[in-house]
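Each chain carries a letter (A, B and C) given by its place in the written order, and its residues are counted from 1.
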Amino acid sequence: MTLLAERPAVFDEGPAHEHEAGPSGFLKWVTSTDHKVIGKNYTVTALIFFLMAGAMALLIRAQLANPDSTLLSQHTYNEMFTMHGSLMIYLFVGPVSFGGLANYIVPLQIGAPDMAFPRLNALSYWLYLGGGSLMMMGFLTTGSAADFGWVAYAPLSNSINTPGAGPDLWIVALILTGFSAIFTGVNLVTTIYYLRAPGMTMFRMPIFTWNMLVTGILILIAFPVFTSALVLLWCDRHLGAHIFEVSGGGVPVLWQDLFWFFGHPEVYILALPFFGIVTDVIAVFSRKPIFGYRGMVFATISIAALSTSVWAHHMFTTGVVLLPFFSLMSYLIAVPTGIKFFNWIGTMWRGSVKFDTPMLFCVGFLATFLIGGVSGILLASPPVDFATHDTYFVVAHFHSVVMALVMGAFAGFFYWYPKMTGRMLREGLGKVSFWLMFIGTNVTFDPQYLLGLKGMPRRIAEYAASDGFTTLNRISSAGAVLLFLAVLVFLVNAFVSWWKPIPAGDNPWDASSLEWATSSPPPHHNFLWIPPVRSQRPVWDYNHPEDRILEHAKPRRGGLVGAAGGGTVLLQDVRLDGADTLDSGDADR
Amino acid sequence: MGIPGVAKLRRIARFLLLSTLALGLGGCTLPTFGAFRGATSQGQAEFKLWSWMTIAGLVVAVIVWGLILWAVIAYRRRDPNRIPRQFHDNLPVEIIYTAIPLIIVGVIFFYTVKTENKIDALAPHPAVTIKVTGFQWGWSFSYLNSAGKQVALVETAQTRPPVLAGNPTSPEYPQFVMPLGETTQVELVSADVVHGFYIPAFNFSRYALPGVTNDFDFTPVRTGVFAGHCAQYCGLYHAEMLFSVRVVEPGAFATWLNTQSAAAVAA
Amino acid sequence: MKVESYVLLFVGIFFGLVGLAYWLMSHEDAGAIMLLGTFLLGSVPGGYYLWWSRRMSPRPSDNPKASIEDGAGVVGAFPGSSIWPFVLGLGATFVGLALVFGAWTLAVGLFLAVAALVGVVYESRRGGLV
């Protein structure tokens, strides 16, 4: 007999269905298709890869702290930066957001019992774990792990220049994780399109969910190109093809073209989820609605669309790409990003902002992403790119951006850890991690802008004392120690919070979206009861009925009618006429 | 905000305007943050664009940081029970902060295209032509005469490079010479993987690609010796793939070239 | 379903325009084809959703005045526990290993993968644990 999940009517008295006895223990975990279990799996696995990649980063900074450094051989150093980048980008930042947090939170935010395809969801996780393990297995091979950079440019990545099992494992690993991501993208889009609760129209979804929808579409656009390019590389390496080799009539630059058509949307796949987290967290901790909700949605979609049109800005120095087209498209991304920034500030504006750890990390995100974004505009100019491409200026730019995203990730962890575990993370330790991370990020990466302008190329295993790079490198390496401590304090926090729990309750933050309407952690199939959805903030409306946003209410006079907000108006400016009541159905209370 | 607040704002605005004028008229040089002013005319064009873009970027950043800081200070929670006015839209403001960045982008794009056309322009009759070949892990500079025949060659010794990087201007790395004030055209290609021909002091780098030749011009405006690096990761000894450039007076260059050709003939 | 279709159609229209502009300006094949693919990725499902949104009966999740009761009842089938995703993932990993190291892992991997695909089909037919 098949039991089908039901969305309970509001006055469902009984507890959740008791299913027949399922598996228990390890078998229960391995066979689970519950999005919450899969989300936690992804998050923990991604954090483990983060720690491994972080250790590699510390080795890199230890090497570069001194000129003429022989701490690591050139070969080992090249492996380190390759695997650091690969693990961070392919196995941490992406999976933790679209596999971890999104899997857990999106169904809850839209009032769904699970993701649309639970078994496909589970498969995504196992492919990710399998692929990630294969990549790390490279370290166990005789030639050692891949060492051609996380971008694997041809012809360097062919079997003549980089032979061995390590690079092969890297390629196969990414084919597996690529499929994992594509399946997650399918799941995200389908879930958001089909499983929203009654009344949860598209423009009432939380911005995190909107951003995950757009991320899902971007994944579907970008990852197949990457997977195909990897297969082509495999053919070059093992099947005698000459797709990327001049000798057989191939075109090496084609690899760059294909890779970056994936690679640039990929970095926005990494970024958009954290934009969404930050948006939701700032609104909650400012006790105000999101400022410019529709502008945010439009900006996110524009950023995603533009990001797929700019790929060759990574290839300005090849001399074979259309410079004006790609530089204009790259500049244009600043416009919707600026809209988002002003909307984040607008959300805080005249609000009542509490600087608990999630909000602190959001402010850190704003301050750091600004630096990364402005340096990105500089890089979008081909002449400036000629001077700074492949130098530490670029390294500083993307690390500013990525560390901002990591701060967004920590905002998400601190914000949703109570929902996922029923416990609070420690505030004091959280604040310490924040300051260590924020100061550490700036001390590590701001000097690298200067290093790039001074002419230090990237991916160099060592530099000479006469280069004049030493002092700035030393400052940068000192900053890395702060980042290490930030992560350490967070791990201590997670450990202490688990073993000596402070109970969280359903809604410790007085937040607004549907995930806060259910218990912490949520029960099987997520909801015993769902409040009526009449705005973007169903839980807030239920808890603060006198401070709601209303739709379809008639204004008394002009007043502040937010026409752009789809007819939503301030309660104070509105006199409700009798026909249009707060209760649009008797079951709403 | 009452009248005193407005007067305060006016005072701040006046101060900023005066200091900006003083800075500009006083002619003091702004910090370059380590960037090179450019030893070629192309490099100088890049420096100018970079300077203006950096100033614009810093102004934007300071304004936005200022707004963030203001929000963080002025709107922090003082009364735990107060729920602020739940506004969420302001169409005129939103339109303004969409339009202004668009205009800024348009202006930047205009100057960017002008500058990149200047940097990428190729002289029809360059004074000197050098074919540069990057290979794992060194460089070869082949001077060509007007018929395209090689008249001189400077290259990294084909024996394995030293284990650690040294000073790029030292004699163990190849140094090619260019005449001051005249246009040298470089034809850049790679013999194996993608390399990056990067001269920081010229504010310039370009990929050496296998099978595709990249042409570009240098018109030096200063004499001196300038370091060169490989800027595109190319394998094991990427960090040691160094070279340097020496810019000399045209007379000295002609002498040098004759010596090089004579040596090549004699060898 | 209209807004959902508009999101995808926006992708389609945007990349139709950008792809056309890019092709006319550069005649670069690879980029033009990738942009064409993106155009199709937006317009085909987007066009379908637009067509379907006009024919489908309205859903509670598109109705801003819907009450939770309106959506009560069966939402869908959500298989609660299944070993096959793990088996398929394991099989794919072994096939990956086989590609790199060759030989016997391919047999294991293919066996696991096929077993999983068969298992999933049977599971769907008889209804898994929810």
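Just so we're on the same page, contacts are C-beta pairs under 8 Å (C-beta built on N, C-alpha and C of every residue); 3 or more make two chains touch, one makes a residue touch a chain.
Just so it is clear, the model here is predicted, and its values are computed rather than measured.
Enquirer: Mapping chain-to-chain touches, which pattern fits: line, ring, star, complete or other?
Expert: Contact map by chain: line.
Enquirer: Mind naming the chain pair that shares the most C-beta pairs in contact?
Expert: Greatest number of C-beta pairs in contact occurs for A-B.
Enquirer: Would you mind pulling out the distance in Å between where the CA atoms of subunit A average out and where those of subunit B do?
Expert: A distance of 31 Å separates the two centres.
Enquirer: Can you compute the centre-to-centre distance for subunit A and subunit C, using the mean CA position of each chain? Integer Å is fine.
Expert: 20
Enquirer: Roughly how far is subunit B from subunit C, going centre to centre by Cα mean, in whole Å?
Expert: 44
Enquirer: Which residues belonging to subunit A are in contact with no fewer than two other chains?
Expert: Subunit A, residues with two or more chain partners: not present.
Enquirer: Where on subunit A is subunit C touching in the complex?
Expert: Per the touch definition, subunit A meets subunit C at residues 1-10, 19-20, 22-23, 27-28, 30-34, 112-114, 116, 118-123, 125-127, 129-131, 133-134, 165, 168-169, 172-173, 175-176, 179, 193, 195-204, 213-214, 217, 220-221, 225, 234, 254, 257-258, 261, 301, 305, 308-309, 311-312, 321-322, 325, 329, 525, 530-534, 551-552, 584-585, 587-588.
Enquirer: Where on subunit C is subunit A touching in the complex?
Expert: 1, 3-4, 7-8, 10-11, 14-15, 18, 21-22, 25-26, 28, 30-31, 34-35, 37-38, 41, 60-86, 88-90, 92-93, 96-97, 99-101, 120, 127-130
Enquirer: Write out the stretch or stretches of subunit A touching subunit B in their complex.
Expert: Against subunit B, subunit A makes touches at 68, 70, 74-75, 78, 148-149, 153-156, 161-162, 246, 251-253, 286-293, 295, 317-320, 323-324, 327-328, 331-332, 334-335, 338-339, 341-343, 345-346, 348-355, 363, 366-367, 370-371, 374-375, 377-378, 381-384, 386-387, 389-391, 449-451, 453-455, 457-464, 466-467, 544, 547-549, 560, 562-565, 568, 570-572.
Enquirer: Can you tell me which positions in subunit B touch subunit A when the two form their complex?
Expert: Contact set of subunit B toward subunit A: 32-36, 43, 45-46, 49-50, 53-54, 57-58, 60-61, 64-65, 67-68, 71-72, 75-79, 82-91, 93-94, 97-98, 101-102, 105, 108-109, 112-113, 115-116, 119-120, 164-167, 192-194, 196, 198, 200-201, 203-207, 209-212, 214, 216, 227, 229-239.
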